[in-house]
């Protein structure tokens, strides 16, 4: 079996170069530019001292996310959702996934009755925007939590663990880690995996784009994803260890 | 470990009573009422002799789906999406999933340049509406394909296999098959699995509602789902074998 | 003058077979499937312990209605209103009519400061969906009132009378009762009449689709409608007399 | 029985002062300001050399109407529909009624494959805006037809008859013609009648606002309306007989 | 240089005939029909005893404006914004300009915590609708202020000065005052100027439609505008001096 | 008179540090990050081989712009316009201004029947986002024009001149160049000026936020703006002179 040739001779089980830049913009409590190769997503975490109606009076906080893509983040320009007057189904799916993933590591009672709003805006897209977004959003949320701790608004961190995400897929029968756009377009099976720092699974979403996949293939993809997420969690840890001026 | 007590002493690995009623309404080429216990979904398949823009001139057909829930299908009345003026993110996620699941078993070239539009409308909800919808939609699509064959509009069936779906979940640590509403609300992990008659996996969507889940738990859920889907595919086969007047 | 030939040799002054099935679904306080021949409408009545702003603090309740049609209730599939993002003018007219018709027999003070929300969803359409909806909605509302009485939430019924509706029309000069779709499409004049059990007129809406109609023709249509409604009110009475398990 | 006291000692069967001003604005092919007492509606008729999709290639034309109310046409300011982003159910009902009423007197084949678009905008409201609108719209449409005839675009008038409308109602048991706002708010039964110059009925819409009404009351209202419309048709005839510079 | 020939031999620095008709409709606290030649705008000022959220509890009032154009105010019919479901960018720009212009002469603290809502609806358009709207809106607002003073709701007028507006433009190199539609369409530079009675500048909006303009041309246009506004302020003063029955 | 103290001792007539970074993202034909101090706007220019309906068959091209602000570009998070389902009036005003400004320097016939779509997305806001956007958009458009020239799609540049923009304002009586957010919030008069490289004026928009301003003040602001734009045009020239790999 011939192996699919990846850009820049990347190994099948290798992540793209990952960069995590904190304090990318000034105003947000957390503001992270995350790059998975040519995919670049600006993730901000905003603290607001109020909660949505279903949490009012509960003593618990809320964490939610919105996702957007700049019209020319992609190869050909896409219509601006604000101008069309509605968010696509794809956008809604992704922002719901980001929100669930972040909430999986938050102790909402420890957050107190306030919200952290995550905004993930794709500046440049080359596959894996949602997994980059989750990975960056965790770092932005962590900075927002530090901001709350520094001001004494909370006494202990509501974060129970790290969370990161990666895509895996079967391209011409080969399991590949962290698909870029051309691989994503060519793959038979596409899977997004979200896991915690301790290796707990938060979300698994696998889709057969072409032929259905077997249980053996699923197992191979899950193992590859777990390895990639472990690397991402280490990169998050290092980024958070940097001391910013 | 105490085992979660299911309604009507249902076993952890048992489906709810499933009923598949074909020709439930008159006008659609396929019209199936599917019941998974108290969950009832009306699935219609409509043939249209045109395709969306991205398929025009391709010689290939298209299969897509829409999903809705009657306002009082649920315990408390939900707002009517037509009156609110937009479909929720949840609705869009579900209808995209149904469409992908059906397309996974369709040879779009064999369908010819025409569309099959699936409408899944929930008359009564008690958990598992999306999995019931996929299971019923396959039968409705099959009837629409028979309609095309009978009229000589196509010479061979574009259906490559059956497709069905079921939910599985971890409730108090126990893996359960085909969750009803109270189980869904109580579960730590909720997974929807879509598979073909041949046991190929089309879609896996697992979400940790509470604590993250382990690889072992995931494996147990996948096995339970595969067993349930095999039973559903047999029930689809029997329903399609009935001769209607 | 030749007489228009009706389906199944139906007499000009005969209703189609009417079926009224109570408790068609589980969750709503009233849930009625009403069939006028091949027209089938699911009517639910939901009790909510709140009122719209214009009734707040008035001590009075409110009764309102929404109407929808499943996309493939009709011969050719219609666009889903939730997906289009708005209700058509026709839908709004019909739901306003249903709401007014029900309120005509309700003593809103006796209802107390709560709402009854009627949902009429057409599962299958063959003409007369709005008149079937009103006729079924009354039965559903009656069941919701019984539910309130049984729980002691109200001491006496706020229903002052029954209400039912029927369509009449002039087809090739012949007055016909309870038009089905092909008759409706062929008629010169189409009239919907809503009346109470005591024969009071609640609503009359007559439209010349082709040539204007005369006062004599209007009188004939009104007489035919009054007769049909008397029969419908008797059928409602019988349906409500059934003892449900 | 005491008789309801009308403004300015108007008789129960008297219209308010009616004024019909043609060429009220410059650009439209027909532009009429119609006043029924303090109700003032600007009705324009615009000719467009195209038809909606359902008439394309049919050789027939189309006549349709839109209705609006200036925000401060009423006693208290109403929200601007353009700012709210949607037309109310009431607005849609009224504009559909105006369109149907005008089409009832048009021979669409004689109009040729073009459209007449009627716009009825209420500058000041005091009850009866829809009936004033229909009455004025006919005169505007007639002017648009004359414009087409003068330019030789059509050889004969597609207008088969005049059409006008009036409201009638039962106020404290008394049948009143052409209700003004305070009467409309107080009435038990409100009916709008649309008739042709020859006395044919185009539309009857009667609604019991309070108690249901009897067949005798309906007959009295229909007679009163027929008399009022005969007067309005004569006023339309006179307005159209005026020679404009 | 040949001079551009204006309609009816109007001088380059002459306004069109201006008419300001107060109490044009009955219900609004101020209701002015303003005509700049064939441009006619109905401006109403409505007093409401509440303020938008950003002014609640501030002790200050608010003045805001909405703008609309009847569909057939123009040479060819424009789509109705209420039917399209949104206001155009042009509409929003204009109504924001009218609101800012009026607020420039209002002492919001002296108004007290209430709102004046200006509605400017164009009945007939021939260029300069926004400048006519501002000029008329001031008179309507003045009448609304008088209404408040007469009822003792405020003790002194919150109006600090008059405000009026005019358009100027360069047509074939000639600076022209108060452009009508054909001039507006032909002009290279179009400028709207809003000034107070005392000659203070409130707003200047100049746009090069064709070639950019020079500082000298800008100066000429500003001088012409200042002269025109002085005349308009005098016409406003005279209109307000008329004693109405 | 005390002079207003600017951040970092900036002189009243000094621009903030301006950075113009070309090829900031990969996919767009022109992609420029422009910074005016802490205001950062990503400007992309996308070439599309089609034109809007009003230009079809004209042989001319079109240039248009859209504008957006990331939700947390600002001090406090603003609602995402895509989620709200509509663009604000402010957004629409700004994107119309950017489009007009760019078209002022384009020879649309020389562009040929194709479009250049400008997207200006604010990553970080500190006043002057629209003037930074115009200044950056010109550079992005220039790169898109070079892309067209390099591919031989056009033979000569359709750009007639450079275009840039700056804000000026009166703060406590002092004319200041290039306002940052705190100055903008404090200013009495705010003016945006758009000019070409040759010093032609394309757009002047001046608004009295507080007291009206005099002709002398307007003259001072215009002179200050002209000076600032001359500097910006020089910075654009230098950025375009850089040779990119």
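Which chain is which? They are A, B, C, D, E and F, in the order written, and residues in each are numbered from 1.
Everything below uses one rule, namely that contacts are C-beta pairs under 8 Å (C-beta built on N, C-alpha and C of every residue); 3 or more make two chains touch, one makes a residue touch a chain.
From a predicted model like this one, the values you see are computed outputs, not experimental measurements.
Student: Check every other chain and keep only those touching both chain C and chain F; list them.
Tutor: A chain counts here if it touches both chain C and chain F, and no chain qualifies.
Student: Go through the assembly and pull out the chains touching chain A as well as chain D.
Tutor: Joint contacts: the list comes back empty.
Student: Please flag the chain sitting at the greatest distance from chain E, going by CA centroids.
Tutor: The chain lying farthest from chain E is B.
Student: Could you tell me the distance, in whole angstrom, between the mean C-alpha positions of chain D and chain E?
Tutor: 33
Student: Mind checking the centre-to-centre distance between chain A and chain E? Centres are C-alpha means, answer in whole Å.
Tutor: Once rounded, the distance between the two centres reads 51 Å.
Student: What whole-Å value do you get for the distance between chain E and chain F if each is reduced to the mean of its CA atoms?
Tutor: Each chain reduced to its C-alpha mean, chain E and chain F end up 28 Å apart.
Student: Mind pulling the residue numbers of chain A that touch at least two other chains?
Tutor: 85-86
Student: With chains as vertices joined when they touch, what's the shape: line, ring, star, complete or other?
Tutor: Graph shape, chains as nodes and touching pairs as edges: a ring.
Student: Could you read off the chains around the ring in order, chain E leading and chain F following?
Tutor: Order around the closed ring, chain E first, chain F second: E, F, A, B, C, D.
Student: For the complex, give me every residue of chain E touching chain F.
Tutor: Spelled out, the residues of chain E in touch with chain F are 86, 89-90, 92-93, 95-96, 100, 104, 191, 195-196, 198-208, 211-215, 218, 222, 226.
Student: Would you tell me which residues of chain B are touching chain C in their complex?
Tutor: Within the complex, chain B touches chain C at residues 25-28, 31, 38, 40, 42, 44, 46, 48, 66, 68, 70-75, 77, 80-83, 85-87, 91, 117, 119, 121, 123-125.
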